[in-house]
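Chain nomenclature is as follows: A, B, C and D, assigned in order of appearance, with residue numbering initiated at 1 for each chain independently.
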Amino acid sequence: MLLEVRQLTKSFGGLLALSNVSFTVEKGDVVGLIGPNGSGKSTAFNIMAGTFPPTSGQVLLEGKDITGLPAHQVSARGIARSFQLVRPFLHLTALQNVMAGRMYGHEPVASTHQAKTEAMAILAFIGLAEKNQTKAGSLTVMERKWLELGRALATRPKLLLLDEFMAGLTPTEVNAAMSLIGEFKEQGITVIVVEHIVKAVMNLSNHVIVLNAGTKIAEGSPQEVSRDPHVIKAYLGERYAAH
Amino acid sequence: MLHISRIDVAYGDLQVLWDVSLEVGPKSVVAMVGPNGAGKTTTLRAVMGLLRPAQGRITFMGQDITQTPTHEIVNMGLCLVPEWRGTFSTLTVLENLELGAFPKAARAKKTESMQRVFEIFPILAERQSQRAGTLSGGQRQMLAIGRALMLQPKLLILDEPSLGLAPLIVDDIFKVIKQISTEGISILVVEQNVNMALEIAQYAYVIETGRIVQHDTGAKLLTDERVRSAYMGI
Amino acid sequence: MKYGGWLIAGVLLAALLVTPQLPFSNNKILTILIQLFIVAAMASSWNILAGFAGQVNLGHAAFFGLGALTTRLMWLDGYPLALSFVAGGLVAALFALAIGFPALRLRGIYFAIGTLALAEALNETVSNILPGNSALPGPQLVSYELPSRYYLALGVVLVVVAVAYWLTQARLGLGMMSVRENEAAAQAIGINAFRHKLWAFIISAFLAGITGSAFAYFHVSYYYQHTFTPLWTFDAVLVTFVGGVGTVAGPILGAIFFVVIRDVLATNLTNFHQVIFGVLFILVVLILPGGFLELWDRLRVRMTNSK
Amino acid sequence: MFEIIAQNIVSGIMVGALYGLAALGLSLVFGVLKILNVAHGELIMLGGYTTFWLFNLYGLDPFVSLLVVLPTIFVVGWLLHQGLFSRVVQLDEENRIKNSLLIGFGLTLVLQNLAIQLWTADERSVTPAYATAALELGGVRLPVIRLAGLIIAFLAVAGLELFLNRSYWGKAVRATAEDWQTAALTGINIKTTYLLTFGLGASLAGIAGTLVTVSFSISPFIGLQWTLKALIVVVLAGLGSIGGVLAAGILLGVTESLSAYYWGGEYRELVGLIIFLIVLSVRPQGLFGASE
């Protein structure tokens, strides 16, 4: 078991965003975390990434308690994330972006030279090798997404959290993203995706967790979840149930 | 009525729209659909003069508005309810509506417009003296639409009216949109909720990564294989 | 940096090293150069916090003043110059460490205003407690000569530039720049944003402190308060933005522009030189928001495109 | 003993009201335009000189001179915005603040040195016949001029609040402050709103300048210290909080006055600052600012 989330609860000024949510993630899993807007998936995501602590509950990574650790320590323990609205370092080159990930994060290297070599390899993997000297601010939206992914990979994560990574992509680009995420499995990286596009999540994940109004309403294989009457009612709506 | 012809838009070095054209005729409901980040909001910002296209032309009622300041576009009767709702949370509901009638022409008909808004949204009449920031999401959306109606617009643009609202409220909002359209106001609605948008639209455009990739009547797109699998499939 | 750049830097350094020995060199030239070094070092040290780590500190004069005050008092009290000099930097750095904890919790504009107010309170307090001026006593006055001041100021500017250059190559500098670009994203890849900002603050303060020390060693007589006046901050800010913020060469270029223009204007238009300088400055901000280096980049792009 | 403390508190209130007034315009401009005008103190200086010259050349009573100062400095503000600051308001927030700061620095240099050239570097003040008149209240002296200053400060705040809450343009200003894009989409001419706001902010600085001239003295160099006081007050009150500005100013004035009494005048600035830092670290949004 790589990650265990125990009874997470989070309230913002009296408003309960997440209530008693528990789940586990096995090594090598691709887990889909879905739910309608405001269902608490972003809150759960941010707690796992260390953006803010939960009101109560625990997050354990490989059995060790990481609840409430600040984001940079969470990263050092081996959890990397992407942002829903991409946040590359705009005034730094693509190479510097990835090098920053390689020199910090989990298992960082101290040598600038080594970081540069490894960062180039990662840039090649995400198809940006030729743009290594381009400032991130001059890249297209798509390229920025890949760069942010590359920067996250450079931190050598055990667990990668992808926040609506597919949002804004055309169906073709979604396919490209899915095959890339497929490759992570071979590299031993476990992935949790928070997504709006249900179809992509169902194809990609081997395990799906559905949140609604801050609570977990279903969990299981994509097939199980998509047949679950609670899910159909809360998330997909009655009218889709027949399809 | 509204003609967007072949506009390109960039944020600094970053081009986000290519060759986008779109048309809204009088007394019609038109939808623009597409995934998050495809350029829907950017198109609307360009229409409203909040962004200047690098190429192309936008006309409204036959007049070129490509370089016109936002408030003048609004005064011409072209009004946008933005995806960020567009209410002033530190002002009361009444103040929000009053400000909605800021342009001189609208100010003259203020009382009459406000009565109409209260008829459509009785809840706003009840909450008049409350600060907009204390309203629920759905009420704020109603206030934003109400505020726009205070201007007595000829064309109303709605950016993601269903975003973040409970399904029941979404139904209400779409009913109101239909009602407004029957009163002779043209509507351009931008939605991620593709199904609902296509159901009320006579004509619709599909935008992906900054380009219009498909356009047809709402009914046809609703049954289109590609649209169904990309946006409605499970 | 390309070989051409190193070559130019090397030649320039050699020229600066021999300047005091050249036959045509006189006190005026040395004085202007010392002023240039001090302005360049101040700007470059400010740039480390603002340009690299993204925190606009409007109280930089406080560190300059603390360095100058410490060095001056110790030196005149009979401590060796070297010790007084290092102490100047350390006191400034310690002050940064102490105020860094509350001040760096403030973000953006709040940090700018907070540091401005902090420095101003120090300025007022110094002027209240030490209202007089500090003149060199007899023995030091008799042995006063410019070349040693010149070499100390040159040494300081070299140290500051070397540190800035090192940061552009080092992990610490990359971390700082990541924090400047986006704090949340930097945290997400394991960078402790607060610690990086604090380091930038301490380094920047230490370097401003030793610049103040060089000033204290250079001047025969000045009011204690003078080194704490906000003009030191403003000059550093102006110079850095004019040259190009966040770069190694920018503050140096800006300092040359600043000192030359100020000197030329001051000799030719004595009365209105500050007015014209202000206007020039505003024009640079409006026309060249990225400073000279951006202009250079733009020109270079245009030249390569026209080839 | 009690009377001395009471006297100190009363003096602190009167000086603090002036701090508040000095900060009012800065807070308005920052709240609406999101730019920081560090040349605000220079506008105070210009207001002060207007009063000074009207008094010296035409014998115009300083308080009557407000009728001239107000429109004059409004026009100065209008021009400064039109010529300089309007060029930065379209930038994103970070660059807007940075560039407005830099322009403000340049402007400070220009205005300060112009004033030196035009009016010499001497300290000036205005002393009308009633300059030393004072009321006595239970052993506490209330100088007429400072009392009038206090009243004017309150009137200015009340007038501004009235304008912002009752008039159409006032509401437009509030709407623009909250979200300029939505304001534009409501049909409000943002450019006019900005110009109006900047002009108003400048006029308020002008009023403060008149009061500084009669209560203290002016010279071309006073700008920065008043900008700083105003900044401290604005941050204490919470950026953009109009209502809290006067209260924060008075708080600062009273604190300074009392600390000068207890620890000696040398440390009054330091005590004010320590309070400032404590408030900021406990409530970064300021005393009266809304939490995020």
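Please note the rule applied: contacts are C-beta pairs under 8 Å (C-beta built on N, C-alpha and C of every residue); 3 or more make two chains touch, one makes a residue touch a chain.
What you are looking at is a predicted structure, and each value in this text was computed from that prediction instead of being measured.
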{"item": "Chain B and chain A - chains in contact with each", "value": "none"}
{"item": "Top chain pair, ranked by number of contacting C-beta pairs", "value": "C-D"}
{"item": "Centroid comparison with chain A (C-alpha atoms), farthest chain", "value": "D"}
{"item": "Chain centre separation (chain B, chain D; CA means) in Å", "value": "42"}
{"item": "Centroid spacing, where centroids are CA-atom means, of chain C and chain D in whole angstrom", "value": "31"}
{"item": "Chain centre separation in whole Å, for chain C relative to chain A (CA means)", "value": "43"}
{"item": "Inter-centroid spacing, chain D versus chain A (mean Cα positions, whole Å)", "value": "49"}
{"item": "Pairs of chains satisfying the touch condition", "value": "A-B, A-C, B-D, C-D"}
{"item": "Touching residues on chain D, where the partner in the complex is chain B", "value": "168, 171-172, 174-175, 178-179, 181-191"}
{"item": "Sites on chain C touched by chain D in the complex", "value": "56, 102-103, 105-110, 112-114, 116-118, 120-121, 124-125, 128-129, 230, 234, 237-238, 241, 271-272, 274-275, 277-279, 281-282, 285-286, 289"}
{"item": "For the chain B and chain D complex, residues of the former touching the latter", "value": "48-50, 69-71, 74-75, 79-80, 82, 84, 86-91, 95, 98-100, 102-103, 106-107, 147, 151"}
{"item": "Residues on chain A engaged by chain C in the complex (per definition of touch)", "value": "49-51, 70-73, 75-76, 80-81, 83, 87-92, 96, 99-101, 103-106, 108, 110, 112, 115, 148, 151-152, 154-155"}
{"item": "Interface residues, chain C side, partner chain A - complex", "value": "169-171, 174-175, 177-178, 180-182, 184-193, 246"}
